[in-house]
Amino acid sequence: MFMKSSDVAENLYKTHSMPYENISEEIVLNCQAERIFYGDFLAVRDSSVPILKNQITGFIGPSGCGKSTVLKSINRMNDLVHGFRFEGKILFHNIDIYNKKVDPVNVRRSIGMVFQQPNPFSMSIYENVAFGLRLNRYKGNMDEKVEQALRGAALWDEVKNKLKNNGTSLSGGQQQRLCIARAIATEPRVLLMDEPCSALDPIATRQIEELMVKLKERFTLVIVTHNMQQAQRVADQTAFFSVDISQGGRTGYLVEMGPTRELFENPKEQLTEEYLSGEFS
Amino acid sequence: MNFKNSGNGEPLQPDMLERRHFEVRTLKSIVLSSITIFAAVCACLPLFSVLIMLIYRGGKRLNLEVFYSLPPTAFETGGGFGNAILGTLFMIGLAALISVPFGIMAAIYLAEQGHCSRIAQTARFCAKTMTGLPSILAGVFAYAAVVLIMGHYSAWAGGIALSILMLPMILLTAEEAIKMVPSPMREAAYGMGCTPSQAMVKVTLPVAMPGIITGVVLAVARAAGETAPLLFTALFSDYWLHPNGPTASLAVLIYNYSGMPFENQIELAWAASLVLVIMVFILNIISRAIGQRKK
Amino acid sequence: MAMEQQSIWDATDTLSRPVSKRDIFFDKVFRWVTHAFTLGTIFVLFYIVFKIGGKALPVISEFGLEFITSTTWDVNAGKFGILPEIWGTLYSSILALILGGSFGIAIAIFLTQDFLHYRIQIVLKNIIELLAAIPSVVYGLWGIFVLIPLIRPLADYLHNHFGWIPFFSTSLSGPGMFPAALVLSIMILPTVAAISQDALLAVPLKTKEAAYGMGTTRWEAILRVMLPTASGGIFGSLVLGFGRALGETMALAMLVGNSNDISLSVFSPADTLATLLALNFPEAGEYEASVLMYAACVLLLITLLVNIAGATIITRCDCRSMK
């Protein structure tokens, strides 16, 4: 019913029609989740997702399918959840980030994250963006970096005259872009976004989507979305997750993954087709 | 977009993600964690020290005799503090009798009126201010309002002083408890055609009761240990309870005897402390048990 | 059967009745009573201020501000001044605030930032809460017989080696400011810890997530995000702890030494407003009692100001974090 990791990789390689070596460089991050537990609860199984450099990878699927769980495993945010256990590997530039020697704090500094709810810190806009820079003991021109990040998040023009204002005083869409600015200020290698638009109105959503497309020139993005159209609009690669309730639990797994157009226009799995058509009809 | 040095392009060094043990960041974490652990341990020490001393020194002297005998005179051996236990119970009972109906009734008004009424807001503010009132000032007030008028120290004055301390605690916790009752429940009562007071008495109060009792028990526990308000309202007495005259209490007995140069009295002070702390702890446990059951 | 039921329904075609006169009367009385008791609460506070202030009024007009600025207390000569007591009150409370406040905040951090398994966390939380349940007179007794003998060697060492520092310029002769402030800090610690915990727990999970998502270590998250976000509530907890320390009586009356002096040394005996009242009231004549009422007024004023400030800060922070 689901593709093995090797199948996914094969599929990818075929569509790109490139020799193996070149492709392997393109893969920034290879998530090979065998099983993910919360306590005794098996949340995700057998999901292998390669993330390609400077592309947007979208995770779609019904709620409870574990797409957010996989995403949060990539920068080890799930370590904060009591009882979380990850079996498998996530190779980030060929280093397994679940290796015992790896410090999750360092992982999170290289793999940034934007959350579902806008969550600016209760400090000035400037300090919000400078937060990561200060954290990494950045010694250069702070003002320049902050401006760069805010421009990068398409927020500069709106806030340049009120950088001293509290970050929480902004509107929802602005807050989310502030969070993006905060995340990209430290120039992480990969940016994870967990349903970044779900709390926003359509106009703000559109702004964030445009921003994502711009950001992929510089960053590698992974987004979780519950919105099919959004995935079609922004994602280069799409991974479809589903829920397996056959064993009595609710275990998410990867059904198939491929370039977005291919997946939407002619899905290989029947399950995918059903889901996509059900959503659109 | 013009990010200068591309973090994306550089190959990731294998050790960049690794845990480094002698980094400033790691060392700082270790130092700070040690400090907090040290603080937590230090904060627990006084409690254990107090409890051990109470059990060791108070337990040594604790026997049945102390519960039914009167305090000894200077060089006497033996004796007890039966009158002080009785006095404490009497004054707490009196204080509860005054402050419980007072506090609950006012809490009902506050919870019903919410933030709308100026009177409710003023009363809430007054209650909050009164929780911060130093307990000795409750004593000063009872001295001025009762002792000076009656012309002598009495258990009544002590009870009134304690009720001043209990009132705001009971009022504020009862208000919280009433507000916690889900509004659909109250609406259901109104929907059945209850008058506001019927809805309150028949539906809301029974649901809020565990929370209210928790507050009352905690207030009683606090009042039981209060000494300052009794020092010059109930004073102390070596004889059995006599509500119109000076009245003994455990707390004042501990204070008076702690400064005496006689071994017997000091031992009695420890034994009385043990009894008092056991009383207070039992009350605390009761209130917790009620509070837990509520959930 | 069926016939009987039929007859019952016939007898009363509807069971609902308008509210009876008794119910209306009860409702009116009930509301009136709750209203009266609410007004009573307000009245009690004003009556307290009125009673204490009223008794003190003649003395206030007699001594004026000199009462606050002079240092002698001599009943026979009719000279009264409470500057040493004000000094002692503030000094002991500030010392207690520094000690109890820092420990209280450290414990609040320890209990809220996932340092411990939650079972141990609950046990520790209960221990700290029990600290607050122990009556202050028991702390006083413990201070006299356990704490003072325990800290005497330390105090002697500090005095002998660092006597040139004004804080250690006298030796500890038994009761004094240092043991009093220590016990006071133990007593305000639960207040500070409890309110700071609430403030730290009120920081939304998403903010915490954001901090960790940026790649902070636990301590970086605490110092750079959690504490600044909770700073209002923590500050409020310190103010309320300070208010509690100002009015604390028994432990101080037993430990502070009751001497009418102003000294920077933490080992010398001192006096506070509350202990002045506690010690002198029982034997006071009518005139001295009114003088003491004046001192009570000063204490009332100081504590009211501090407590209202603390309550306002906490309320304002609650409103802000709700947004």
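A few comments on the model shown:
In this document, chain identifiers A, B and C correspond to the written order of the chains, with residue numbering beginning at 1 in each.
The rule we apply is simple: contacts are C-beta pairs under 8 Å (C-beta built on N, C-alpha and C of every residue); 3 or more make two chains touch, one makes a residue touch a chain.
All figures in this text were calculated on a predicted structure; none of them were measured in a lab.
Note: the chain lying farthest from chain C is A, by mean C-alpha position.
Should one ask which of B-C and A-B has more C-beta pairs in contact, the pair is B-C. Chain C has its Cα centroid 49 Å from the Cα centroid of chain A.
For the pair chain B and chain C, the distance between mean C-alpha positions equals 12 Å. Chain geometry summary: the mean Cα position of chain A and that of chain B are 51 Å apart.
Each of the following residues of chain C touches two or more other chains: 217, 220. The residues of chain B that reach two or more other chains are 25, listed in rising order.
Residue numbers of chain A whose C-beta contacts span two or more other chains: 105-107, 110. Taken together, the chain B residues at the contact with chain C in this complex read 25-26, 28-29, 32-33, 35-37, 39-40, 42-44, 46-47, 49-50, 53-54, 57, 101-102, 105-106, 108-110, 112, 119-120, 122-123, 126-141, 143-145, 148, 164, 167-168, 171, 193, 195-198, 200-201, 221, 224-228, 231-232, 235, 251, 254-255, 258-259, 266, 269-270, 273, 276-277, 280-281, 284. Chain contact summary for the complex, chain B toward chain A: residues 1-3, 5-8, 11-12, 14, 16-20, 25. Looking at the complex, you find that chain C touches chain B at residues 16, 19, 23-24, 26-27, 30-31, 33-42, 44-45, 47-48, 51-52, 54-55, 102-103, 106-107, 109-110, 115, 124, 127-128, 130-131, 133-142, 144-146, 186, 189, 193, 217-220, 240, 243-244, 246-250, 253-254, 274, 277-278, 281-282, 289, 292-293, 296, 299-300, 303-304, 306-308, 310-311. Of all residues in chain C, only 114, 204, 206-207, 209-217, 220, 224-225, 228-229, 323 touch chain A in the complex they form.
Residues 53-54, 92-93, 95, 97, 101-103, 105-107, 110, 148, 151-152, 187-189, 214-215, 217-220 of chain A are the ones that touch chain B when the two sit in their complex.
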